[in-house]
Amino acid sequence: MKNLKLNGLVAATHSPFKADGSVNYAVVEQQAAGLLKNKINFAFINGTTGESHSLTLEERKKLAARWLAATKGTKLKVIVHVGSNCVEDSRALSAHAQKIGAVAVAALSPSYFKPRHVGVLVDCCARIADGAPELPFYYYDIPALTGVSLSMPDFLAQGRAKIPNLAGIKWTNPDLFTFQLCLNAHPDMDLPWGNDEFLLAGLALGAKGAVGSTYNFGAPIYHRLIKALGRGDLATARVDQHRSCLLVKTLAGQPYGYMGAAKAVMGMLGIPVGPARLPNLSPTPEQVQQLRAELEAIGFFSWTK
Amino acid sequence: MKNLKLNGLVAATHSPFKADGSVNYAVVEQQAAGLLKNKINFAFINGTTGESHSLTLEERKKLAARWLAATKGTKLKVIVHVGSNCVEDSRALSAHAQKIGAVAVAALSPSYFKPRHVGVLVDCCARIADGAPELPFYYYDIPALTGVSLSMPDFLAQGRAKIPNLAGIKWTNPDLFTFQLCLNAHPDMDLPWGNDEFLLAGLALGAKGAVGSTYNFGAPIYHRLIKALGRGDLATARVDQHRSCLLVKTLAGQPYGYMGAAKAVMGMLGIPVGPARLPNLSPTPEQVQQLRAELEAIGFFSWTK
Amino acid sequence: MKNLKLNGLVAATHSPFKADGSVNYAVVEQQAAGLLKNKINFAFINGTTGESHSLTLEERKKLAARWLAATKGTKLKVIVHVGSNCVEDSRALSAHAQKIGAVAVAALSPSYFKPRHVGVLVDCCARIADGAPELPFYYYDIPALTGVSLSMPDFLAQGRAKIPNLAGIKWTNPDLFTFQLCLNAHPDMDLPWGNDEFLLAGLALGAKGAVGSTYNFGAPIYHRLIKALGRGDLATARVDQHRSCLLVKTLAGQPYGYMGAAKAVMGMLGIPVGPARLPNLSPTPEQVQQLRAELEAIGFFSWTK
Amino acid sequence: MKNLKLNGLVAATHSPFKADGSVNYAVVEQQAAGLLKNKINFAFINGTTGESHSLTLEERKKLAARWLAATKGTKLKVIVHVGSNCVEDSRALSAHAQKIGAVAVAALSPSYFKPRHVGVLVDCCARIADGAPELPFYYYDIPALTGVSLSMPDFLAQGRAKIPNLAGIKWTNPDLFTFQLCLNAHPDMDLPWGNDEFLLAGLALGAKGAVGSTYNFGAPIYHRLIKALGRGDLATARVDQHRSCLLVKTLAGQPYGYMGAAKAVMGMLGIPVGPARLPNLSPTPEQVQQLRAELEAIGFFSWTK
């Protein structure tokens, strides 16, 4: 299990809600089926896309258990994100993930109180990772949302000594300079790329896998991109990467924000993950129609057929 | 109850931990006694000083219940902070606070996902405040830690229409310009001051109450300051305010940070609130001795006799 | 001269431009007369309010010379701001200011390239101050605009050893904590307050003088405030401080920004300082009428009669 | 001239200083010869690497004239950077650049006063570009240093209507998302890449040219990288890109900073560009020896033979 590598596309899944805001667990099976149909081998659940910070501890556990049940016997493997402001909650979620059969856990940093230096972040991760000692542990670096911007080369250097099951970093960080430093200094570590809209840049620099939300609904775009790059056809790869940019631009440009827009796209594709929870916003039915029109105008539905 | 005003000093209390990191509920009685001895009339529990983001939901409830039990029949009233990233958790904590007899609830903003505009913040607060409809609700504005920096004049204007029990803002924000705008535009709202080290500035501009962590261990300094200002003796008030600055400078200047240092001071005063939880750090015994020496050198123990 | 203290109100003056954008030197005499009429004893010229960063070196010299000529024999003394990104330009301006008879020079930090630490800032200031060795030198701390946020207690401690003519800091910094630390650790240093909209807070904490742009057109408000505080009448002082807030709110709230609005107010008062230079914006004639109406609505013209 | 494209490597050159801090104009010929030897076709002078913000207006003009004289009749073409806080200075430098025969001008945004929105930035650039109407004009986007972070897609859309000689953007911005949006929406615009340490990412996404400081002393690394990418050999390209990262890491990691370290490297290569000006720092002779040893240890001198 220590040799797991999150190669290829990893979908960061949404948490499905009903109109009244409660969790709609029954949608998980549809989400899993959708990913399998799109040749996605890994689901990264309860992460940022999964609105984990807006879920209660019990909801996170129940969702994780449902995902493991829904994917049992399939090719789809489940990584459970356990990060939160409360290290003890994260540790409990980590232990739970191991118990139910996840293939890995990942955690972002506490971000209300922020680690003062890399050593504190390592200590937090060690405590969390120790809850699931048999699973690979990924640190999830996403400074734009946590405000925690510590040196990842230093994290790997210190972390590998103190976290026996450290497997790598989910790299949702635009810093391509330190990405290369980490890749080269720690070739055994796995650094799945977390910036969908410039995946091509990450792959060119040496990334092997990618975790993101647009792989839930735009996988064909990225499969083509990866195939084109594999045969040295940068021109084609760029065309699909630009499509990804137009898609993200369209979603992020909505007045209610990216999260609600992305969940609405899932609904358009027949997977009713429902609205977002506060403080994220959701579109009105009129806004969904408007979004659909914008997506048609850029060609989204033809790119992903 | 709607007419509650948090006038005077409000102590933002620490959460007591044992050496193994578990909550040390038995210390709550000592904390309450210490506040009463220092003529503090309000305890603001489970806030930033209370490391609420590092507590589990159950621990927050148990601590709140313990505080209400410990203060029953005394002059010390309890405000329960219920803010968290998860609005549903906040709402549940809010309902719990009302049930156990708190005099008010307060909540900071979700900060991993951030409200896109004031209207979203109002919606979040409305949902939380609605969990305790019979209690006054305070928004806790602390942009340095949440990264949520929205217009408080706009919040009050919109919030009073949508949150029936809105009582005011705990103002842990260095912006003295908008503080005055809020004070004057909403004279019925209560805006307790959250910046201990320049309380004198807040009082000069019209603040009536103050919530802070140094009131746990430095109350005499501030009682003198308030009394001096009351008789127009600015020179004396400044002397004590400068003492407060030296105290904060000493605590914040420790390599393990303000939280661990402040908790160590409580220990020096005979109230063993123990270490901090990760990602906050705690001093070693040697560091505690060093801190004590620094506090003696500035005169802290004589200021607070 | 080393004993100069910038007590009382110091007006940070505007640079007058013609409609074609060239400097309108002839207005300087009117500005000086206006300040004298309003019992202002110091003019701080070519600073932020003076759009110094948008002036050429020659224009800065000619403006400074004009101010010295215009104030000769009057009670109005002139402090010349010489800060810029280019330390050599600042040094040349400093030498020029001494030659023409300024009473002091002040300089903000280079801000494109930023000093890496306090020691570098001290070295920059030493080089600039050495251009005018007979004049008191003020460091002008304005982190909101320079992005240079270094410890002012450290600056004073290191600066007094390396800058023989260091006189103090123009404190355009909202940090009231370190303001007190500086005041108390360096009682011989002069720390004029640079935040007009909470001058009352600065005075309460011990400030003696104040440098700002609203003293050009709102001096009566602040003279009343200072007088009220002097007789211990905080309630009246607060009323005028709140007026200052309403004034600043009105000016800063215009779509073309504070600078253009403040210059338009000067025009309304009969001192035609003209438009602002790019990248600052200026109001259209219609916008000036709208601004005048808003100022009338808050009562500005009656406060300053 | 409107069809100029800054393809290939463009060296952002240093400004040479003597030990006393004055400009050492005589070194320009050596710099030019060094670039020609390294098959660099464009020199971008008086930019960030050229410490333009620390130069006086006259020095900028004299340096520009010297570069044009030194490159006359050679293959090396000169782009003059004219950006500054003072738009009028920038316009004067622009006119001067055209008069002396530069092939293009470029300007960053004023950054003390910051444009409030894209329209203001366009107006500033229009005024500057109009000083050299016969030359292509590049906006130089470098938000990390200016703090001006405006939408480049919007800038191109609005700028092409108002700036007749707009040629493109020097893209010293880590945002690979909007880079792709600009490339695709404005295929006639030239967007030379300004991030040396991830040039490979920029090229993969479609960049054609690159402006940077490491091309002064590390050109062979990048020539190999470009050649490898051209033949589809990503593995080799990555090796050289990682070398570039190690180089930048070594230079930026010095206590005196990147600028002084980069200038010291030039000295090691026989081109004595001298120390940096304040607020940039320069190494002591001992520090230069230490830097040389670190560069030898990573293999720098063998990579660039």
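By written order: A, B, C and D. Residues from 1 in each chain.
Quick note on the criterion: contacts are C-beta pairs under 8 Å (C-beta built on N, C-alpha and C of every residue); 3 or more make two chains touch, one makes a residue touch a chain.
Everything quoted here is computed from the prediction, not taken from an experiment.
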Shared interface partners, meaning chains that touch chain A and chain B: none
Per Cα centroids, the chain farthest from chain C: A
Residue-number overlap at the chain B/chain C interface, same or different (half cut): same
Distance between chain centroids, defined by C-alpha means - chain A, chain C (Å): 50
Mean-CA-position distance for chain D and chain A (Å): 36
Multi-chain contact sites of chain D, meaning residues that touch two or more partners: none
Graph class of chain-chain contacts, one of line, ring, star, complete, other: ring
Pairs of chains, among all present, that meet the touch criterion: A-B, A-D, B-C, C-D
Interface residues, chain A side, partner chain B - complex: 21, 51, 53-57, 84-89, 92, 109-116, 120-121, 123-124, 127, 145-147, 257, 259, 277-281
Interface residues, chain D side, partner chain A - complex: 174-177, 180-181, 183-184, 195, 197-198, 200-206, 232, 234, 237-238, 241-242, 245-246, 248-249
